[in-house]
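Dumping the structure here so I can ask a few things about it.
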Amino acid sequence: MRVEFFLLMGALLFTIGCVGVLVRRNAIVILMCIELMLNAVNLTFAAFAHENQSMAGQVFVFFVMTVAAAEAAVGLAIVIALFRRRRTTDVEDASLMRW
Amino acid sequence: MELLLGLIGVVAVFALVRSFLPARTLPAGAALGAVAVALLAYDYRELVGLEFWSGLIGFVAIMSALMVVIHPNPMVSVLFLILNLFCIALFFLILDAQFLAVIQVIIYAGAIMVLFVFVVMLLNLKTEEGLRLGGGPQRSGAIVLGAAFAALMFYAIRNRGEAPYFDPGPSGPGFGTARDLGGLLFTRYQFAFEAASILLIAAMIGAVVLAKRKLR
Amino acid sequence: MLRLLWLIPLLPFAGFLLNGLLGARYLSRRAVALVACAAVLASFAISVGAVLELHNLAPAPAETGAGAPVRFTQTLFEWMPMGTTAEGADLTVRWGYALDPLSAVMILAVTGIGFLIHVYSIGYMEHETQAGLARFFSYLNLFMGMMLTLVLGASLPVVFVGWEGVGLCSYLLIGFWYDRMYDEKTKMSCADAGRKAFLANRIGDIGFILGMLLLVTAAGTLDIQAILARAGTLGTSVCTAAALLLFFGACGKSAQIPLYVWLPDAMAGPTPVSALIHAATMVTAGVYVTCRMAPLYVQAPVAMLTVAVVGALTALFAAIIGTAQDDIKKVLAYSTVSQLGYMMLAAGVGAFSASIFHLMTHAFFKALLFLGAGSVIHALSGEQNIWRMGGLRRHLPLTHATFAVAVLAITGIPPFAGFFSKDAILAGVLALAGETGSPALLALWASGLLTAGLTAFYMTRLYLLVFAGAPRMPEGASHHLHESPPVMTRPLVVLAAGAAVAGFAGVPGFLGGGRIPDYLRDYLAPVLALQHIDSTGIGTPSEWSAMTIALLVSLAGIAAAWAVYGRRPLPAAAAAAAAEPRGFVRVVKEKFFVDETIDALVLAPYRWLCRASAAFDEKVVDGLVNAVAAATDLASQLLRLVQAGYVAGYAFAFFLGTIVVLFFVLR
Amino acid sequence: MDPAIVRVLVESAVKIALFFFVMLTAVAYMTWVERRVSAWIQDRRGPNRVGPLGLLQPLADGIKFLFKEEVTPPHVYLPVYLLAPMLIFVPALVTFSVVPIGPSLGLLGHRIALQIADVDNGVLIVLAFSSMGVYGVALAGWSSNNKYSLMGGLRSSAQLISYELAMGIAIVGVLMATGSLRLSDVVAHQIEHGWNALYQLPGFVIFLTAAFAETNRMPFDLPEAETELVAGYHTEYSGMRFSMFYMAEYANMITASALAVTLYLGGYHVPGLARLGLPETAAALVQVLAFCVKVAFFLFVYVWVRWTVPRFRYDQLMNLGWKGLLPIGLAHILWVSFLVLKGWV
């Protein structure tokens, strides 16, 4: 199986994730889009690992998953806290931290 | 590759359709079916080949990803994201990373997405909450940027240094098994492994503290 | 004992460490004083032993030129291993001590008189706090150690260490009462006085350093004896330059024109300090170094002449100023300057032994004078103005007696010490004049005579105003007048004895008539390269006449002073003249406005420069910095607007940047 | 296409068909068993009209469900509402596919493993799909816009997440002992070294408890606590969709029992069978039978417990999960690692 295919797939998914992060305003969805991007990267890693037959790439995928889990947990906790205060999960309503 | 390009085209068409008739999943299903038939007709020989299946999975993956971004309802986004994750797990299988595939399902589908579902249910967001998209200029700009990024990526991948179409063939025995990965994790990447565990602990505590109603 | 030579400077240093580190808190006052005095006494004892042993040594054969002096050199360790030059000259500086007749005389004087003054200080400083006492004695000990290092140093860097060390100690001790005001009129605090002294010394040190560098480049070594051995081969110009540079340093240390201004203000320190450092020992370091380098000077007639002229001028100038001072210690200070001028004059005319001789005798009677003055001040609880003294003869009999001896000694009345030494100097000048027949030297001799007369005048004036006549001190100050405690007066007695008889160490040949040899001269001759001048160059009768003239001049000075200040009650005119002087007297009283002149010519421009550069710093440099800061502030104020708080916006920018970077990477 | 692929396809197709039939029948009759047993426990008679001993009762129920009207409330979120029952039913079945129900036996000149997929990572796959079960419940609760359902869904998702952890921890012990993720290896290892339950009792107990919680059975059936929330997450479901949940519950029970047997009770292993020297096929059949018996025993335990133990309170549930089972499980891991280190297992 050609590696290129998976690289392109990863690129596409990553792009979609990025656009999603930029377009959506719902914090939860944004978090999901981030997960999407992470997955795209994972795919690329795995593809390269397969291309030059080294497990290093897969190890990296493993760690990326760890980070993703942590990120999701903290991110959702933040979302909940935000929702408690503001009754919303809209990131544009949470724009207090500015000049 | 023609397969993939065809997929991309379909994706674009689907996106157009989607933008014309919002909140209607029927066209999506129709497009999907049409594409499937088209692909079946496209080449019989590819049906048994991995090409076909990975192409199909990739199609589904991109579809679901798009749905994640587009769909107004967070819960539906979650579901599509789960679908996408399964697709990627299948990709892992194709790439001789069985362990990763299972781990993918357990961690993402089994834990993280459950968390998302849980939160969505907890906050019980209404649909219109999800419907609100970013400001016009930013939206269009984002799409332009995405196109630019995708173009760059295609360019980069298309002419990678040597052998852009490299195909290593079948992997060695035990490649991607839990045994291999575990061995690496506990020997060469020991430190990173421990660091990851610490990271998880920190994230756990942080999540608890953040979500607590009042600290006392 | 010679083995223990290295202990001589080390013991006082140990005392310094002990008192300085523990004295303030862990030792009793008694213990502090004991440690300090014991250290000095020990090194004095070792010195005596070493000097006695020195005679048994065979003369070093390798010495060229100056006869064959006995010398004991002790090298302790390699201090600066600097390797050798291309010419193979060994630049390595070794920390070594050398004992020869010259340094022998010095260490005996320094340790002996130093010990007496230490003892005296116990009484004088009794009112100090515990910490103050410890500080004082540790400083004194440090000074002793440094002075002995200076004297014994076998190579110029070692000497220089001592040189700087004593400078430091003088600074510390002048500013000992750093919180007190010293001179109400000029708003000068004791700390300022110390600073002044230190700066003046530094200016001289520049000369010393340059001289050292010149010598090391020319002679390829810093070992004193080696340099002196090669002095003949260096060439006149080099010798002249080096000699003049070193002499400049000596001017700083020994308070010669133009650098003498610090010494009078050095009286801000406690009186024992003035006696030890600014009369007996440190200020003579310049003279000592000049004599130590005698063979070098001998090679440079111009330098010699300069030394002589400067010395003579200083002597005369300071003596004139001394005649009009009201502060008892100021009078003594100027007299010190003038006497130092004498020594320089002697060194300049090549009568090095006379110079050292006078150095020794002067150490005795000037220390005695200062200590006596200290006793007086002590008795009057801090009063220093001689116009508020008088009639102290009855109250302070012992002080008075010793003081009188000292006065007779300094005025050069036979058979007291000053007579012989001063006469030796004048004889030396006259002899050289007779040899070369130059009128300049005759003029120097004349100025010497005049100085002698003035010296006699102001010393007698001082004596009369302080001890004779009716008491002029304010009421209340007089009733608790008391003789100083024995711990203070005993050193006076000893010093008085020294001042009385020290002269016989150098009875001129014609006077002794061969029966009494000129011990000191014979002792020092091999070191000082005296072969080129023989003070018996002129006939004996003229020497007799010269001596008589000098004596007469001194007597004249005494008579004049007696005429003016001796009558009682003291004529109102004199008091009035002292109160608000007019004309020349005023100029003299104001020390010829030298300080003011220096202030106007040197310090004022310097201060202006400082202010200008300070202004530059504040306006321009700081301005630049502040401008940068302000620019940053402005920029951030503008940049702040970017931070709109919209996470999506940030993500957008982030993504954009990523794409741009990628574009340039992949292009 | 080359014959190898064809053979594999045909073989697995047959297996899947068989397995599906057996599973559904078992599920159906599980309902009958439950009723009978509960009746027996409560000293009643239970269903005994339809056919002998009411053995046809499940059939009747099935028919009834099929012909009932599917009520679809207007306020539900339809796609998810429809998706939920499948999501809860599918994992239950899929999980079973990696469980070996018997040794491989020779048939028609082929060696056929009595197991649909003998994958390595089998255990992980089990965990993965059992964790999928959450979605069905949660989505059902969420999609049917009803506060009871939502509560049920929330509770169940929380509960499932917590107890999956305990279950995983318990299973880790087995894996460490076996040194492989392949379920057939697990069984083989037990055949060699004796059943895990013998020296991993804590793990066994934790696993059972977690299994009860995973299947939302008493005493952990808070998601559908009828006395508090009308019927929990399937309040709004009716007809065949409801029966999906119903069947899914039993399917889950069966799967969990099978897993417990495989992981801890030596799977199809019958002690001392080898000494009898039966022909291979017969031995295999005996072992399959033994497997079924063990599973049946666990199913009985399920029912038994249901009618014996009262329901936990929510906080008690959470405390038990996080503060009780989890620490014990960790300690148990230490214990097992000690054994492994000593080389005793």
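Should a chain be cited, it is by its letter among A, B, C and D, assigned in written order, with residues numbered from 1 in that chain.
Just so we're on the same page, a residue touches a chain if its C-beta (ideal position, glycine included) is under 8 Å from a C-beta of that chain, and two chains touch if they have at least 3 such contacts.
Note that the structure is a prediction, hence the values are computed from the model and not measured.
K.L.:
Along touching chains only, what is the step distance from subunit A to subunit D?
P.N.:
2
K.L.:
From the Cα centroids, identify the chain that ends up most central relative to all protein Cα atoms.
P.N.:
Of all chains shown, the one whose C-alpha centre lies nearest the global C-alpha mean is A.
K.L.:
Which pair wins on C-beta contacts, A-C or A-B?
P.N.:
The greater number of contacts lies at A-B.
K.L.:
Let me check something: if the centre of a chain is the mean of its CA atoms, which chain is farthest from subunit D?
P.N.:
Farthest by centroid: C.
K.L.:
Quick check: how many Å separate the C-alpha centres of subunit A and subunit C?
P.N.:
84
K.L.:
Determine the centre-to-centre distance between subunit A and subunit B, using the mean Cα coordinates as centres, and give it in whole Å.
P.N.:
The computed centroid separation for subunit A versus subunit B comes out at 9 Å.
K.L.:
Distance-wise, how many Å sit between the C-alpha centres of subunit C and subunit D, to the nearest whole number?
P.N.:
Computed from C-alpha means, the inter-chain centre distance equals 107 Å.
K.L.:
Centroid from C-alpha atoms only, then distance subunit B to subunit C, rounded to Å. What do you get?
P.N.:
92
K.L.:
Residues of subunit B that touch two or more other chains: which are they?
P.N.:
99, 103, 111, 115, 120, 122, 134, 138, 141-142, 145, 149
K.L.:
Specify, in ascending order, the residues of subunit A that touch 2 or more different other chains.
P.N.:
Answer for subunit A, listing residues that touch two or more other chains: 18, 22, 25, 92.
K.L.:
So which stretches of subunit D touch two or more other chains?
P.N.:
Not one residue in subunit D touches at least two other chains.
K.L.:
Once the touch criterion is applied, which pairs of chains come out as touching?
P.N.:
A-B, A-C, B-C, B-D
K.L.:
State the interface residues of subunit B toward subunit D in the complex, per the touch definition above.
P.N.:
25, 48, 73, 75-76, 79, 82, 98-99, 102-103, 105-106, 109-111, 114-115, 117-118, 120-122, 124, 177-178
K.L.:
In the complex of these two chains, what residues of subunit A are touching subunit C?
P.N.:
18, 21-22, 25, 30, 91-92, 94-99
K.L.:
Can you name the residues of subunit B that touch subunit A in the complex?
P.N.:
Listed in rising order, the residues are 1, 4, 8, 50-51, 54-55, 58, 61-62, 65-66, 68-69, 74, 77-78, 81, 84-85, 88, 91-92, 94-97, 99-100, 103-104, 107-108, 111-112, 115-116, 119-120, 122-123, 125, 129-130, 132-134, 138-139, 141-143, 145-146, 149-150, 153-154, 157-158, 160, 164-168, 171-172, 175-176, 180-181, 184-185, 189, 192, 196, 199-200, 202-204, 206-211, 213.
K.L.:
Quick check on the complex: what are the subunit D residues that touch subunit B?
P.N.:
1, 5, 77, 79-80, 83, 119-121, 124-125, 127-129, 131-132, 134-135, 138-139, 141-143, 150, 153-154, 157-158, 160-161, 164, 181
K.L.:
With touch defined as at the start, can you tell me which subunit C residues reach subunit B in the complex?
P.N.:
Where subunit C meets subunit B, its residues are 648-649, 652, 655-656, 658-659, 662-663, 666.
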